[in-house]
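Before anything else, here is the set of structures, which you'll find just below.
In what follows, subunit A forms one complex with subunit B and a second complex with subunit C.
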Partner chain A sequence: MRIELFKRPQHSVFYTVASPFIALALMIVFGALVFALAGKNPATGLYLYFVEPLTELWSLHELAVKASPLILIAAGLSVAYRANNWNIGAEGQFIMGGVFGAALPILFPAFQNVATLPLMLLFGTLGGMAWGAIPAFLKNRFNANEILTSLMLVYVASLLLDWLARGWFRDPQGYAFPGSIRLPAAASLPDIAPSQGSAHWGLAISIAVAVALWLVMGRTIKGFEVKVMGASPRAGRYAGFSAASMTWFSFLLSGGLAGLAGIAEVSGAIGQLRETISPGYGFTAIIVAFLGRLNPLGAIVAAFVLALTYLGGEAAQMTLGISDKLARVFQGMLLFFVLACDTLIHYRIRLVGTQKA
Partner chain B sequence: MKQGGKRGAAARPAAASRARGQVKAVRAVSSARRKAAAPLLEVEGIVKKFGEFRANDGVALRIGEGEIHALLGENGAGKSTLVKMLYGSLQPDEGTIRWQGSEVRIASPAEARRIGIGMVFQHFSLFESLTVADNIRVSLDAGFAGGDIAEKARELSHAYGLPLHPHSLVGDLSVGERQRAEIVRCLLQQPRLVILDEPTSVLTPQEADKLFLTLERLRGEGVSILYISHRLEEVKRLCDRATVLRHGKVVAQCDPRRESAASLAAMMVGANVAPVRRQPAAAAGEPLMTVEDVDLPAATPFAVALKDISLALKPGEVLGVAGVAGNGQGELYRIVSGEETIADNNAIRLRGRPCGSLGVNARRALGAAFVPEERLGHGAVPALSLAENLLLSRHGSDKAAFLGPLGLVRNDIVLDATRRVAAAMDVRKSGDNPDASSLSGGNLQKFIMGRELDRSPSVLVVNQPTWGVDAGASARIRQALIDLARSGSAVMVISQDLDEIFEICDAIVVMHHGRLSVRVPIGEATYARIGLLMGGASLGEVEAATRKPPAARPAVKVARAARSRRDAH
Partner chain C sequence: MEIAQNIVLTILTAATPLLIAAIGELVVERSGVLNLGVEGMMVIGAVCGFAAAVLTGSPWIGVIAAILAGALFSLPFAFLTLTLATNQVATGLSLTLLGVGLSGLLGEAFVGSPGPRLAAIAVPGLVDIPLIGRLLFGQDPIFYLSILLTAGVVWFLFATRAGLTLRAIGDSHGSAHSLGIKVIRTRYLAVLFGGACAGLAGGHLSLVYTPQWVENMTAGRGWIALALVVFASWRPLRVMAGAYLFGAVTIGQLHAQAIGLGIPSQFLSALPYLATVLVLVLISSNRRLTMMNTPASLGRAFVPDR
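Then we have the complex of A and B:
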């Protein structure tokens, strides 16, 4: 017996919709296996991981806090990936967004008025764009592979942040601990409902941006250009579109949104610039983008699923004493299963009995 | 190698001539009792399914010893599928293959070669950066009696009238020479049956004549040949038997020498094809497009550099650009369409306006339209709908109609235009607005052509308008090109199909090694003349050659009915 992949004449509508759900189910099955192997009761583990965070209001707020940057980054990445520009460095662009945006209140603490926050968000976006522009330039100028360059720039960005948080940007009254001053109120994204939990207005920005991108992708000539360039660059050239411009557009958009997510995280959730500001949002957002079918609206839903794995990881660590790296394991399994299940959209699996020649 | 391998290929001509006597004797006997003797290859009831689609449905085929057997059929009739099963790269779902009387299962191409089936592919499988000898070496099966392959290849190639230098790089060879390398590689394995897939589609008429001599010689030695072609005059001239496929079934088996090209075409298509009507052109007035002295360096080591390209398209005429594949036609299309811009803005003019450094949409705005050679992935995006593919080439030229504020696409208006184009060109499709990939090659080409014609362009540049398109769609497309020209526009047709060029063009230029020949009006053009130009002769040499007695230049005359029906794999 052997397994054969059989190409479907048309892509399957059913599996286009069902594939993420099958992937989720597989992740839960194998997650249970992981709990069992770790010597824990799988039912308790899964409950703690995926259900308990949804039972209390404050933890729903936490969910929103975690989902918000994921939505923003993944919406931008969805567009870039559709255009066949593989920005893997959103984590670095996120960090640089935080650095650029937070530089304003840190270096000019006296500048506090209604313009402070909008300027910070603007600078954060520009910071992410600047970091995203580097792989775009290298790709267009030297034909350098953007996957490698954007990924390597993540480590440059995180070391730069570390250096700034311990040096130039450090709080002078901070007893030599790394980290900047606490951001003043004028430099903070306000909470949506401070009495209930910590969710801030970054969530609203994220959802608004995702909806806007969805409209751009589905209804405008720019979205058409993205689809054409991603599906067939030669046809794109025939249409008069430029591959170099599309690379710039993809990286500036996805980098800028990652940067915006970075400064929103710093000013809305963390409240200061620390030596690390991201639990890997930029990488997790890649999974979000794929789980959301590279559709900005899908990214909203998928972001909440992935945000849950962060919360579940923390819960499992506190209650069961399992490493919070488990969250990464779940995320990795999910990406793996999503990509594997996507095969079903274009192929059918057949079991073939081997005949003796 | 079961047979012959130890003998070594260099000995082949000698051995073959020794063996020829025996073969002839055998053939004399076998032809007397051909019905009784087992044929070399006998295929019965072959079925091959791809999903629900039956690419081959109960196909039967008999090839005798020393027979050149033609396999005819339109694109998608199942020829390639059948041949792939004979060569072991596909397995039949049902049916039997008998080889020299006993049933065989051909599990792989290596197995096919072992029993004596060789194949020369339409698309060559040679490494361009290796020499001919190295290419042969890497492809030989283990167990081949080694020795000096280069020397054997040289001897064999000369013995069969296919002169070849084994130490030259494949990248430097012409298409015809590459084909020789493929044939020699195949013959080194001493096959009993050689399968040739569209061998003359890349050759000049003169090169094709040389190939036929080689094939007739092989037949004389008792080697059988399965010959796939859409050029029916060739088939009539060369082949002993023909099997005609349509929709995966055998519809006829005949002696092509007793059929006319028209009757063979009717068997393939299943209906008579309307001939293209053409009134004489009245080309006059200022040229609508001019190209002056354009040079373009080769972009890659295997691309062709354009040199001194000059041409003028007059209103009312169809200008044909003939040439063997890979002589710079793709590059010419790119600079004319603006997919590749050039520094000198004045070198290309559309309706008098300089546009050399303008992109494709700016040239469309000046009234030009373009249809590239490849449908899927260049002229259309397979995964997008027809309406989106309409937008592909017209989002700039029809911006006012198709786009609203903020770049919003007016889907209803685009869809209306899509329906209009589909109706005008009789595009057969499933549903109102299906994906481009769901259309057959001919219908998609009709749609692409209709998309451009719908704009009534004053200049239309088409690269390979009917490549891989069935006969009915070809006729429709050709008629549309002529009608556009007669309405006062200028049409430029780049094509490797000489029949097509002779059928629709008012003047011909020939492309060779990146250069264009002078213009030959259709009244002065003959197959022999254009064929010599395709081979790189200058017009002066052509004049000298064509003044010789006609017997000295056996040009292939191909009937108009045998239109381009290339396989588009």
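Then we have the complex of A and C:
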């Protein structure tokens, strides 16, 4: 027996829609298997992971807090990946967004007025853009592989943040603990409904940006350019599009949005600059982007699914005593299943018995 | 002079996992497959090797477990990219994400437990030769293995028919298929070999370099190995030179931290990553050289016509 692929004359519309759902179903089967192997009741485990976080108001708020950065980063990455520009350093751009944005209230604590928060969001976006500009520049100017350079800069960014949180940006009254001052109210993204839970207005920004990007991709010449350059760079060249400026566009956009997500997280969710500000959002967002079919609207839905695994991991650890690291395994498996199912869009899969030729 | 020998020894030890992982990936890429999962396979090798060594008390069983775990973990990547013709960049990335997550889960019980160290070989008498004795006759077994591995890969790629076939597939999988060469089967074997090497490299980290398990202990070395392959323009001996260069940078910054030059330790820790970016820039800016050496089918999915 072996598996053979047969090219479909046209790509399958059915599987384009169905493939992420098949992938999710496979992940749930796999999850049940893991719980059974760990000697836990699979139904309880799956309930804790995928249902319980949805049953209470405060945990819905937590879900929104986790989904918000994922939406923003993944929407940008969707566009970059569509254009065949592999920015995998969003984690570093997220960190630099937090650093640049938070620098304003930390270095000028007296500057508190209506302009503080908008300026912070702007600086955060610029910080992410600046960090994303490095791999774009190195790719265009020196032909250096953007996958490797953008990833290396993640390590550099997290070391830089570590140094700032323990040194220059440290709270002088913080008894030598790492971390900046608590951000004042004027520098904090307000909560949507403070009496009910922790969700902040970053979620609204994320959704608005994702919808705007979806419109850009579907309705504008820029969106067309992104798709053409990704599908066929040669056709794009004949149409007069430039690969170099597409690289700039992809990295500035995805870097800027990752930076915006970073400052929104620091100012809305954490409330200070710490030595680490991300539980791997920049990497999880890669999974979100693919699960959302590299479509900014899809990213919104996919981000909530992935946010659910973060919360489910915590719930399962508290209730069943299963390590919350299992959530990372689920996330990784999900991407595998999505990629495998995507083959069905372009190919028929047949099992063929081996015969002597 | 004893100090000089010690410094060279630590550089060689720091470089060994990079060399092994990069040599494995070189063979994979020469066959036309880009596996970005090196970091994931390496960290899985590290945790499985360490766990097996702790549970059995034998570091050698740990080494074997690391190799097997790395090879086994490369299989899902091979199945997706070769049988299902998925995008190699995305699939490799997902292998790394899964490996980092899975190793954290598997290793949780072993955090902080003391592990057996794979002892260095010491050839009696010869190891006491001044200056070069310990360099040549007193290192850990995996170091010697890495040298043999490099020599073996040079011989295989450039002196055997199978090596020529593998390179032909990497340069033009379509033509190779027309000649009746088993493209997919060869690539499966290449990916498995790359996985075994990455696993061994991870095992070196958790059994020789720092005999313990720390989450994410590979710290980007798998990615540096990927960069080394580009830096070496897909030549095994240049991979070796590059690995020792990186070993020197790593050890150099550690010594600088120990001396305390007044430079924040985080800046020094960032040096190996910045050096990686720098060498990528230096080597890639020569577009002609890169074009000539890159396997022409690298990263492209292959679906045979029937």
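The criterion applied here is as follows: the second predicted complex is superposed on the first by the 355 of 357 C-alpha atoms of A that agree within 3 Å, B and C clash if a C-alpha of one lies under 4 Å from a C-alpha of the other, contacts with A are read in each partner's own complex, and residues count from 1 in each chain.
One rule holds for everything that comes next: a contact is a pair of C-beta atoms (placed from the backbone, for glycine too) under 8 Å apart; a residue touches a chain by one contact, two chains touch by 3 or more.
No experiment lies behind these values; they were computed from the predicted model shown.
Contacts of A:240 after superposition: subunit B is touched, whereas subunit C is not reached.
Using the contact criterion defined above for the overlaid structures, shared-chain residue A:227 touches subunit B, although it does not reach subunit C.
In the superposition on chain A, A:118 makes contact with neither subunit B nor subunit C. Of the two partner chains placed around the shared chain by superposition, neither subunit B nor subunit C is touched by A:321. Taking subunit B and subunit C in turn and counting the residues of subunit A each one touches, the greater count comes from C.
When both complexes are overlaid on chain A, the residue A:39 reaches neither subunit B nor subunit C.
After overlaying the two complexes on the shared chain, residue contacts for A:159 are found with subunit C alone; subunit B is out of touch. In the superposition on chain A, the residues of subunit A touched by subunit B in one structure and by subunit C in the other are 6-7. Across the interface of their complex, subunit A is touched by residues 51-53, 105, 107, 337, 339, 359-361, 364, 370, 372, 374, 377-384, 388, 391-393, 395-396, 403, 406-409, 438 of subunit B. Across the interface of their complex, subunit A is touched by residues 36, 76, 80, 83-87, 89-91, 93-95, 97-102, 104-105, 108, 219-220, 223, 226-227, 230, 264, 266-267, 269-270, 273-274, 276-277, 280-281, 284-285, 287, 290, 303, 306 of subunit C.
Across the interface of their complex, subunit C is touched by residues 3-7, 86, 88, 138, 141-145, 147-149, 151-153, 155-156, 159-160, 162-163, 167, 283, 286-287, 290, 323, 325-329, 331-333, 335-336, 339-340, 342-343, 347, 349 of subunit A.
Put simply, subunit A touches subunit B in their complex at residues 6-10, 219-222, 224, 227-228, 231-232, 234-235, 237-240, 357.
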